[in-house]
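Structures for review follow.
In the two complexes below, chain A is the common chain; its partner is chain B in one and chain C in the other.
Our next item is the complex of A and B:
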């Protein structure tokens, strides 16, 4: 039987194209039998035209107005038959009022990109200077949605069992030392999967991969003379399309396939994928910015506007997406569902997520509909949802982000408290004790637990681990903003010399401090996140805001791996240790009591004296014991683990808590010891002679395992 | 060079000779041609690609279609692809289910 709605009913004015009324949903361009269905929403547009280009050509080969009968409600929809959709780029002309005070900025001369474009051309090869005379810079394309996933599906690893590795797609392999065939691309990451497996991480968190314009606000650095780019990409052009310039096949328009292949291969190797998504603003900037899409399609719907029609700027980037408008809310939901269903991604990290909880006037809401919708959405039901729980408008919600038991947070307090403790700042013990437990002071409400806390010491935003122990202050001069950009609150310590040092004592202390930091991170309850390159002491030479540095400042220098095998080995074994011990990976918080009859509470605190902690402001020593019988709430059996942290500059003896009969202490890690005695293979720990006391070196961490003596 | 393709099947070996360009303009035609072999016993599915100058996303999808619908249990060979074609296949990661060989003599 033949369907009757697959045949043209109209002809375009020039007589070349056959048309019929389209389907309003799904939005965007969809391949249908014999043609392409185009559908776009605009509440205030008075008319709309489809603009068709051959790939890369500046002049459209055809402009087809949507006939009156092709508008359904506020949606313009039309099927165009017999298009060579592989060689096609499409846009829209929208006509309507230009009245900024009322929020309208229609301009019928601008070619506008489809907000639902699944592939976007115009920046096909990273860094290739665009033709600025092109009237259509970011060009919507049509793509297939029939990728051969075979049996792949999201891994659904419990979040407390993840070790997240945050990376920039380009920066990870762009440096010539990476040795990959396709540097700086999805394909490049795929080549490095064996490395990721050796390190042991179980999830990669990709900094923004949605299409953005690396040339946005590009300029020459007054200090280095190098080109400064929009390197990080926290400025979306389109939410549904992977960045073409991140694909080795971008020049062939095959970025969708390449990105999906990477995800499929990571899954095959047990590694999840979390995307860093930026729904707080777009690349259109403020009223002086370009027309790319949203501004010309329906400015008043897509953006938060002041009563005078200017753009609210809670993002610090010129505009703010109107996230709790029902139309925009649905677009965000459609987008996330698309990435979850069509790309099999395992979760999302939301940049400046607090903006997503602001109402249409910019005020914070008690129960933001968007955040609630995402928490309960059926398609996103197994996706990790992680909030950066603050915005540039002063809203700071770490510990209070609306969560419905679903949302985790980048725990900025973890980062700050660990850094303060690490550098030996007075009064840091109490905060550190909370952070080690998964921050119950922040997350023990509304059904949240340790899984709400994404623990990190470093992230793309700020110092690398090496720089955190090598610089007291930021050095962002190369950014061309007189070192005024980037955070001033780094809680870093340079170990006695600012920057690169030839002093062996300084470098030795830095190595130890890096080991201390990662040791504490990986024995903390919650989900640890590592910044890519930290395991090889990657440096940005003190730049703590390398958003614009598409060069050696940001690119990971893989030659550091050979120079810092000692650190890599320490990272690798700490990750393996965490994986081997479920007692380190509770989903809930500790109860601080012995509910298993083991003779020990689930967690107990110790100091120089067992069972006795000096909590005073000048104290810099803390130890804790996790009882193995209480692992995962007492559901699995594990060894007991004792961690002693001496952040004082002198050596101190720690009295060890006595274990039950037949149990002995074995040393797994001692950051004061030189390799190979700094860390052991999990399961091959060495029994210590003195079972009553351990001398913990200055600024050192010791990890012991309590197990039956052999 | 003119774009064309020919399919021949003998002794459970399906040979597809590709020539010129394989893209959205002719991929559907090849797919229709290949559909005729669904249900037949195919032990080897051989794409002779020496004269193939360009393959697009739509073209690759025909190969995937052939693998899924015709040669799920068959050995799949891509014979003598040019560098430009092989690079696209490898970079997009679609080379994992077929063997790339220089020559084919059967």
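Our next item is the complex of A and C:
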């Protein structure tokens, strides 16, 4: 079809470029027949110019003002014809008032990045020192959106069936021991897919992959002399672009294709992808920070400002994105839709999500429109939405995050209660019982169910699993903040020696405690999340806040895998066990009664005596029985599973509940036993001689399967 | 960019030399696409003289391959250097092509009926 709008209507002042009025939507830069459509919003700018650069060049080759007739409402939009868009970088000059008390900080001398940039140059290769004289540090680019997904589709695995594996894209394979061809990249993860499959995880949660600046606040560590960087990347430059420095092909500008290829390959192997998204602040910091984009485009729209025009700091990072301003709300929605539709992402984990529920003055809202919009959005309709249900401004909403039946939460109470129980802290039984059931105390209201709970013991924030059983206190000196950063509430126990130990008894106990932890995690209702590397006892030498450590502290050391095969094997079989038993994966909470006529309630509690738990503060023993006939609300049949947890330092006998006729107890796991008797292949459990009592070793977990005797 | 077209054992071979990127992709497209008439069943694209293929270049190759596939034909590559191969692997383009060390191997494979 011939289109009239293939023909320009205007010519740029220098006579070189043909133009016409653009389309205001979609925002950003879009390839259209014959040219590129540029569209950008600013409510308070008085004028706007498009600035065009050749890739990597410091001087623009052209500056084209938006003519008056190219502004529609508060949107500047124009088509520029005949651009070599593969070699193009573009930005904007915006003119307008500089009046901080009124919230305006326009500076017409700054080149500003498009908030909707789909690819961003300037940090193409991770860690390569930028040219600080460049007037345009983070450079918007145009990318192809025609990736061939073939028949790929987000997997839509029920959330209760997931085993999530949280990883940092760079940290996962950057260590030389990873053995991949392109360490520290999307391509590196792709090479490790066979490993992920062997482990059995069904979802990877990637720490932030939106473009950020690893050089933000970079400095030399006073203790180690190493460069400290913004390694984690919880500080967005742009929301629509994948981090170029995470792609081996970033130097060729092909990060979009590399990232999509990774997602496509993960899907092919049955592994979902959840992105950790950071909508609570940007990399522009406070009033002393740089002009990257938002501040110079419409400061008052994008940021929460105090009455004096300073930046509210609910994020702990200098500024707070104005999430419930309608413009910003739409940007966030556009962004998530883009990642869901164009990248086939399966879900999102929202960093400091409570900020998304604050109004434009910073006060928490009852029914935050942004969270409601996301919960009901048609394009996000099958995406997992997971909140980190707190913020740095003191809002803590675990159990009360506005959910509309759609939102799950990182369950911080799960982490704390399990750790307390694991270390044998008195009075921890009641909390632990709730956590094992998918936290009905937190999530039974409004029928949220066990699927609202993302259960985890460790995450990027805090100790690794090995460090949790090896350090009583944090050791963050290398971060250069006198060990004052990072959490002090770790509920960790070093098993008798602080840090690395040569004492076999200490190391043996640590191994057992790690097995205990993962065993309890994987028999809990809700969705388990594992921190990458925990399965090989990865250490950060006690650093519980490695956000700035782009080095061996935070890179996974794959040589640990050979040394800790025993632990890897235990993880792998526990994951397989969870997959094999639907009774461990209820979406709803237990009813605490026998509605299947099996003679057992769906869950029953036991102790040293069957049917009898000592709930007193000094008790450290707990057992429970899941009736197989009640699996998934009685809709599927499964074996019954009995789990005995003895967190006391002495061995105790646990009387076993008597099974129905023909059924017998088989042992699947016993963390007190040495390999290969610590854990069995699911389905190949070994029948136990004494069907009446099991001696559970000191600080040990035993898992039994009740099934028909052969 | 130098683009040479020849026939080898009845198979059309297009040899590209230079960089296939935003600057040259239109020229290459203008030369390659007319070769894909409805009765064309096979094409060998030789990249031996090609040091770099950009995102736009890879898209041209894929478009040509899809065009041939849709008419029951096949497009194969030959002489792809390791770096380009590696980039194609990481960006997913390698899934769509068979690649051979040189033109004669590619032609032989195509003649055998689809590599």
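As a working rule, the second predicted complex is superposed on the first by the 709 of 710 C-alpha atoms of A that agree within 3 Å, B and C clash if a C-alpha of one lies under 4 Å from a C-alpha of the other, contacts with A are read in each partner's own complex, and residues count from 1 in each chain.
Throughout what follows, contacts are C-beta pairs under 8 Å (C-beta built on N, C-alpha and C of every residue); 3 or more make two chains touch, one makes a residue touch a chain.
Values in this document were obtained by computation on a predicted structure and should not be read as measured data.
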Item to complete: Identify whether chain B and chain C fit side by side or clash on chain A in the overlaid structures.
Response: clash
Worksheet item: Is A:404 in contact with chain B, with chain C, with both, or with neither (first, second, both, neither)?
Response: neither
Worksheet item: Is A:253 in contact with chain B, with chain C, with both, or with neither (first, second, both, neither)?
Response: both
Worksheet item: Regarding the shared-chain residue A:144, is it in contact with chain B (first), chain C (second), both, or neither?
Response: both
Discussion item. Quick check for you: in the superposed arrangement, does A:85 touch first (chain B), second (chain C), both or neither?
Written reply: both
Worksheet entry | Contacts on chain A seen with chain B and repeated with chain C across the two complexes | 84-87, 143-144, 146, 148, 182, 187, 190, 247-249, 252-254, 257-258, 261, 264
Fill in: Residue ranges of chain A in contact with chain C within the complex
84-87, 143-144, 146-148, 181-182, 186-187, 190, 247-249, 252-254, 257-258, 260-261, 264
Discussion item. Which residues of chain A touch chain B once you look at their complex with the stated criterion?
Written reply: 84-87, 143-144, 146, 148, 182, 187, 190, 247-249, 252-254, 257-258, 261-262, 264-265
Response to the item:
In the complex, the residues of chain B that touch chain A are 23-25, 56-58, 60-61, 64, 67-68, 88, 91-94
Item to complete: Could you pull out which chain C residues touch chain A in their complex?
Response: 21-23, 25, 54-56, 59, 62, 86-87, 89-93, 96
